[in-house]
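What follows is a set of notes on a single structure, which appears directly below.
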């Protein structure tokens, strides 16, 4: 430990620069906000609270573009998670969180603690977490380090969720070289609650107690928040470790104890919030700021795992599995007893005070005395500079890539083995997707579906994002991310309700990156408005770079939808021989950013066709109506790999085959034109179905009882081997993982 | 019939058992905390799956010292039905109510999927509604489900027909003799890695577990009728 | 205070999938000279000086730390502490 | 042949929830004299005699057996074998 610097030494030696605070910010804090020089602890608090990770100082102006209101919104952005009304006095709660940087350094614990953090966000709202989803983006499976990252990250996600007894029901996994040094690990948690149990993270009422519950505070994760916001260089080993270690067992106890408190003892409780990034400082000052209260904390009361921790370390520690409560004066003892019955410690560490100061005492000294709002609300917003990336300016001049002659059958089998398309069973099988017995559709279909017990309803959920499209055109790519998520829900029979997101980008000080961020958010926002759904929560992860090489701009969309009659959910699998096959939506030559292009060209290029949002949304609605009316036997939206892959996928794990004739070229079977679906319909329902779909449904064939795939395109006829296809698709990722690099 | 569903710190399939019993089978059930020390008024005891004590040390190793365990031992000694699935099975072996032990899966990974099981013994209070030799499908979800016992114990298990369920097509974890579920000598304590409580509703795609609960109820009626 | 290290391993007859996997991995990483790797765990127990140290350690091991169906153990007193 | 035992433990500052849970369990089983239990693992590596034993062991540990984010290791040559 370095000896603590005096305020004057801090001013002269500027250690805050290394902590991420700029000189301009430091001067603003000392001259305008405090009227004096901040001491060591205070400077540390400012550095972490004013980091992008905690303050969103650069992304905030962009995030304002998202629609966040609507008739179902009970809680929009700003709390632990957003809440939507689903009728019957119930609500669905969800949020997504990124843990990219911690996972790049320590993949198992990084992924595990990411899951732990997002779960706490959900139960801090008073909701019972009912499902987890993830969104994983890795480099190509051709290096030992990537294999290690995949194994450990997947194990970390499963390790935490499985132990908590929260099913991991869906997600996405893609592979591109840009994620090699900086994998993306986004996790989403969905909760269910009675509206009467809704909680907020606020501390108010002079004299009320601030209570700390859960794990003890250690030195782990000090500067985690600023570390998450700092550019990423190759890691080094040290003797000490600041890596946070997750304890899902502790979190399970914490979950049950907090739910008992929020559901049964609302008269004791004023507010509750989890300690996430920047631990105790962010949770406590946010709780005070939201209620416009003052707060005084006694840091010696904070349960500590290690001796000799400084005030700075106690406040900034990111030890996991901790919550902060504001409890009505006089109820401290019953709260302690409640947590004690779960084997957990609950300790009064401070009080809500009159005024608006944030005061910390440690070992007899007042170590901090600053206005609450200076940490939370007075942050200097930073308007980024924006420049269209030069690659896009050049792309406009280049000829469009079109696949020329290729061997269709060979390409078909090869496409099924591309890891982004191939079966993810080797991953999803290590997640408990069924615990709590509500999972109607688990991993492997377009969206996951859960029933809501004691109602006739269900919830569908999905995570989607395609960095390639966003890289080629951030605005259109942003629209596509939202539309793809909506298509996955609609295919499952659900009406989209709202989204959460993780915005994964490079260094926002790079004007090209900032432009990408802004444009893609614009696209996402436009799609949300067209769908009339709000963005109710989200997370921004910037500085996703290794050695100055940024990832594809990768916004992840987590979307939740409502199924009114759970008996009418839909899956992608063919059900009966004799069912007619329909292709919905027109197919054009869209290969820019497609899996086909990536496979054949080893890189992506070109321009995306513009999207008519109105028409897209109308198309989604028609499909939804068809599913809701019970006219479909199976529905699959077309995404990576286009129609050819969707056809194959819908036969896998069935005894059925296909007889298909399409007015498309061989290449067009792999085109990724958005807004299309593959739907099978029982003969008796065909008339009603085609009438409902008007001219949009093109009859392309029939489901047959043999395991065969007969395909006639504009140019040729093919007999494809479905058993071989399925085997290649299933074995692709396990084989790559086993192969020696 | 009244069934106790025992809840240990870290249990997480407790609700699954409870709902299978109450919502689906319409049987009276109650959660019983690991801190309780008696089971008066219950006709059967069920130990749920999950991660008692985080699976720290060994799965089930710490839970077996809970306050409730002597009551379960006594309950079993009286010949009353005791059932454990997944972590419940692990706890029953750690407590010595069932022989052998459950090791880490050979794959070293957690595995969640549906597997085929053969009903090897349908003469138990838990399996009388199945056909002998019948192959059923049940979900598994565990990281430590590889059954191990020494040769002598295995031979005795086989000789006494204590192997009730065996993996039928693929052995997902490395269990010796493909063992998925066993009873004690007397047949009133059953432990199994698969989760019958996850397979009791058509909506969730599988009802092969339902007859395990129905078996218990059928046994009850027979006994009551004989009074 | 005493510090005792209790070593726990699988019995000879019990297959150890982890040991096997690690052995294979190490060999394929370019260490053909490695013949075998066995894995075990140990518990460092810090406890107050007692007259019956042996019995205490045996009791803790047999009651909790070791599963005799699978495992076996031995221990070693590590160092004298104040 | 040589037999080397590599001991792997968490670094000092790393939180070990398992060790904590086991300590609590042991105390509550009637062993109040126990102050702390730390858990570690060990690898018994059997390998052909090599000149550069130290480097080999270090390489195996660093490449595969030890996660330096959290863990640290040391080793000991166990016995001479033929």
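A, B, C and D label the chains in the order they appear, each numbered from 1.
Here is the rule we use: contacts are C-beta pairs under 8 Å (C-beta built on N, C-alpha and C of every residue); 3 or more make two chains touch, one makes a residue touch a chain.
Keep in mind that this is a model prediction, so the values were computed, not measured.
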| item | value |
| --- | --- |
| Common touching chains of chain B and chain A | D |
| Contact-richer chain pair (by C-beta pairs counted) among A-D and B-C | A-D |
| Centre-of-Cα separation between chain D and chain C, whole angstrom | 9 |
| Geometric centre distance via CA averages, chain D-chain A, whole Å | 37 |
| Whole-Å gap separating chain B and chain C, where each centre is the average of the chain's CA atoms | 30 |
| Between chain C and chain A, distance of the C-alpha-averaged centres to the nearest whole Å | 41 |
| Contacts with 2+ other chains: residues of chain D | 17, 21-22, 25, 29 |
| Junction residues of chain A - those touching two or more other chains | 247, 249-250 |
| Contacts with two or more other chains, residues of chain B listed in rising order | 53-54, 56-57, 62, 65 |
| Pairs of chains found to touch, sorted by chain label | A-B, A-D, B-C, B-D, C-D |
| Chain B residues touching chain D - in the complex, by the definition given at the top | 53-54, 56-57, 62, 65 |
| Complex interface listing, chain A residues touching chain D | 105-106, 109, 215, 218-220, 237, 239-245, 247, 249-250, 305-306, 319 |
| In the complex, chain C residues that touch chain B | 13-15, 17-18, 21, 64-65, 67, 69-70 |
| In the complex, chain B residues that touch chain C | 57-58, 61-62, 65, 93-94, 99-101, 103-108, 146, 148-150, 174 |
| Touching residues (chain side chain D, partner chain C) in the complex | 1, 7, 22, 25-26, 29, 31, 33-48, 50, 56, 59-60, 63-65 |
